Structures are given as structure tokens and as C-alpha cells.
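Order as written gives the chain letters A, B, C and D; numbering starts at 1 within each chain.
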């Protein structure tokens, strides 16, 4: 289990009061946990900027009524097989599918896959979501 | 099948040349598809701003080595059962799990679920990703 | 002068080491200052979300070669006189002007001014930048 | 004056109707202008990603009651004199100053200046805003 350390932060009394109020609204019960989350978010930004190994998700919406589309999406996902972990597929309504692809690799590879999917006709929306492998955070 | 219409856009010659070059880098083979995607992204921003029904994903990383954590996450997901469609779970390594929750509902509900999960100890990172039900885009 | 308080944060040793490394890259010489900045950024997000009084800047680029444009921009700025503090104007080259408008007021008013300016022909780019009056942060 | 060209976009009738409605809310009177703005925003994102010459603004809030702070800010601005065009200073209240620095140069230089300013004690908030020199958009 990870070794815990403790350090002190000094700040203006009013700033701390405002932060504590914000944390209540954000469901935190513990100030340290909120600080840890701010720190981890900063580190995730760094991992994406610096091209470290990251994890993320690509969320896309498409109309599945074109059989060729489904085949094309399948082909592309196989081309990027080295960074795709798994895919979750949801039938939103008669027309629209929500597909969520979990990826692990370099930010540039994840971005290229997201770009390639978004550029396809009948893919209505595709967005890349930045997360982390959790290793160094 | 959706009825197609056509409209004209006038713009500076150099601006169009720069856009065409960008599209090549972004894998587009068709200018109309690129314009449609820019339009749809604008509409998705609107849906989230105005509180329409949206779809989205919450991506989170956590260390599963606390049995109470897994139960807590399960309880919360049941509390928000009305907006959760399904969940995808990936074992990133011995410690870290990547869990992706597909949601459909109001932006404020999706945000509240993401906040609630992020505030939990042992959840290292949680991020809400904005997409759409695809209905009006 | 503001009263300082001190509180302790406990976190994983490796997480703190990664954060300290990031801070070096971000020019920080002091960990408390970095934490304070993360906290203040969270509070600025809150002020914009909740519609508190904010300060911000609108940065726009336009081609000044249309006399009617300059008059139109002037008229609009007078219509929004209650939220505009001052304007800085820079001649980027023979064609392009960079104009930066400092605003103080409600987020929705600042957004409306930015939208109004962006929608004008010959205004090439306009973006709203979120900052704070500094009062509660 | 820039040469205008015209091209056609085909899209779903409902999508166009939704876009037209959005444009009304966003103060546009002209569909071409809205498309041009979406295109230019895409190109500005590209310029920042690819490290082209950009223009931008750094907006910061600080408490000027430390004389050494004002000197320090001045020194740093001189160190980055090659990318700073001009500075606008606003007295928000008895304590807080809003200072807006217009910059032109590489994105990495603008980011470094913003980081350096943000890391200083008594600088409460500093944010870098991405715009363009207007040259290729």
C-alpha cells in the first residue's frame, strides 16, 4: 500500500473559507482528498501535454443505418488495435448509437484515432476524453 | 432517411485554402462533412449550456484494493440509476481500474454524478465527457 | 493584510514527488503557492458557473479597413458601457487589429458582449477569457 | 481586398434548422459569417497546436500592496520583452489589480510567460488566452 506523507499549506483565511464552501457543493467530505484531486488533475494535464502513456475514452454518436459504416468503423478500430482496450456500444434510439472506446497509448495516437472516426460521414460527433493509466498519480 | 438540403457559403479564398489544408491533416475527405461536424459540435455545446437532454460518459480511475470502495461505487451508481445506461470496466494493472459510465439525462445530473464519484477517496480521477443523444444533431 | 492560516494535507509519497517535479517545470519555488493557485482556479470556475460578479477580457482580431466596422464596434461597446472597464488597441499589421476589452460584471453579460462582437462581419476571432475581480479569492 | 469564393455545403434539413436557431441566439444575422467563424476558430486551434506565430493575451489579478511584487512583474515583463506588445492596467479595487498583457510569438513562449507570472506569490490568477495574428485566417 502506498506510503502516506503529510505537508502543510499556508494560505489566507478567507481563501480557505471560500474553498471549504466550494468543497461542500462538490460533495467532498475531506479537504485533503480535494487537494489530491486538484493535484492529480494537474498531473493528468501534464501527461497529455508531454506525450506520456495515457488512458482515455473516445465517445462517438453515429447513425447505424448504413451497413458500410459499421464495417468501416470496425476496420478502423482494428487498424488501431494496439491502443484500443475495449468498446462499449449503446443503442440510444432507433437511429443513434453511442459507442465508447477505451484507449491506452500515446496522446497523439488517441487523437489520430478520434480524428479518423470523426471525419467519417454518418459519425455525428466524436470526442476524446483525457484520463490516465493511474500509474503515476 | 434524412432529407438533405444545400446552401452556399462565401468566404475569403485564402481562408478556404487554409481550411482545406487543415482538413487534410484531420483526415477529412469531404468539406461538407467537416462543416457538418463543426455545426454539430456547436449544437452539442448548446445542449449542455441550455440543459437539454444529453448523453455523455464519465471516465474514472480508481484503486480497487479497498473492498468498501467497490461497494460504495456500486451504491452511488444505483442512486443515479435513472441516468446511467451501462458501465464498462477495465483492469489497467494490478491496482488501477478504468471505469466508464455511459449516462443520458440532464447535464446537471451528469455533473452531480461525476462530482460525487470524484469526491470519493481512492477515486483518483473522474472526468465528465460531453456528447449528445444524437436526436437533434 | 490578510490573516494566514495553515492546514495539513496527507497524500501518497509518489504523488507528492510527481507534483513537486511538475511544479519545477511550471516555475514554482513554493508548494503552498502552487496549491493556492489550484484552489483559486477552482474558485474562479465556480464564480463563472454560479453567475457571481467576475472580471474578464474579450480578445478580438479584426480588419479595420471598413470604416463602418470601427463605428459599429464603438456603438456596441457603448451599449455595453456598464460592464466595459477599458480597451487596449494594437495594430498587428497593415490589416489586422488586436483589441482587448476588459470587462467586469455578470458572466452572462460578458458572454453576450463577446457573442455580439464575434457575430459581426470583419471580426475574425473573438474569445472571452475568464478571470476574477480578485475579491473572494 | 481579399478575393471571395463560394462553395456549397449539403446537410440534413433538420440540422440546418437547428443551426439557424442557434445562430439567432448567438446574434448572427448571416449564416456564412457563422461558418467562417467556426472555420477560423478551428484554424486558431491549429496555430496553437502546431506552434505557429500567434497572438494572445495574459490576464492576471494581483494584490499590488507589495512594492517588491510590482518590481518583480516589471522585471519579468522586460525579460519577455520580445513577445510582449503592450500592457493594460486596471485598478479593480483598493487591493486588486487586473493586468492584461498582449503577446505575439510562439505558443510555448506565451505559455512560459504565463507560467512564470502565475507562479509568483501575490499573483492570484493568471490565464493565457489564445488568439491569432489574423494573418492566415
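One rule holds in what follows: a contact is a pair of C-beta atoms (placed from the backbone, for glycine too) under 8 Å apart; a residue touches a chain by one contact, two chains touch by 3 or more.
These numbers come from a predicted model, not from an experiment.
More C-beta pairs touch across one of B-D and A-B than the other; that pair is A-B. Centre to centre, using the average C-alpha position, chain B and chain D are separated by 26 Å. For the pair chain A and chain B, the distance between mean C-alpha positions equals 9 Å.
In chain D, the residues that reach two or more other chains under the touch definition are 40, 137. Judged by the touch criterion defined above, the protein chains form a single closed ring in which each chain touches exactly two others. Chain B meets chain A in the complex at residues 1, 26-30, 33-34, 37, 40-41, 44, 55-57, 59-63, 65, 85-86, 88, 90, 92-93, 95-98, 100, 102, 104, 112, 115-116, 118-121, 124-125, 127, 129-135, 137. On chain A, the positions that touch chain C within their shared complex are 2-16, 18-19, 22, 25, 31-32, 35-36, 38-40, 42-43, 46, 136-137.
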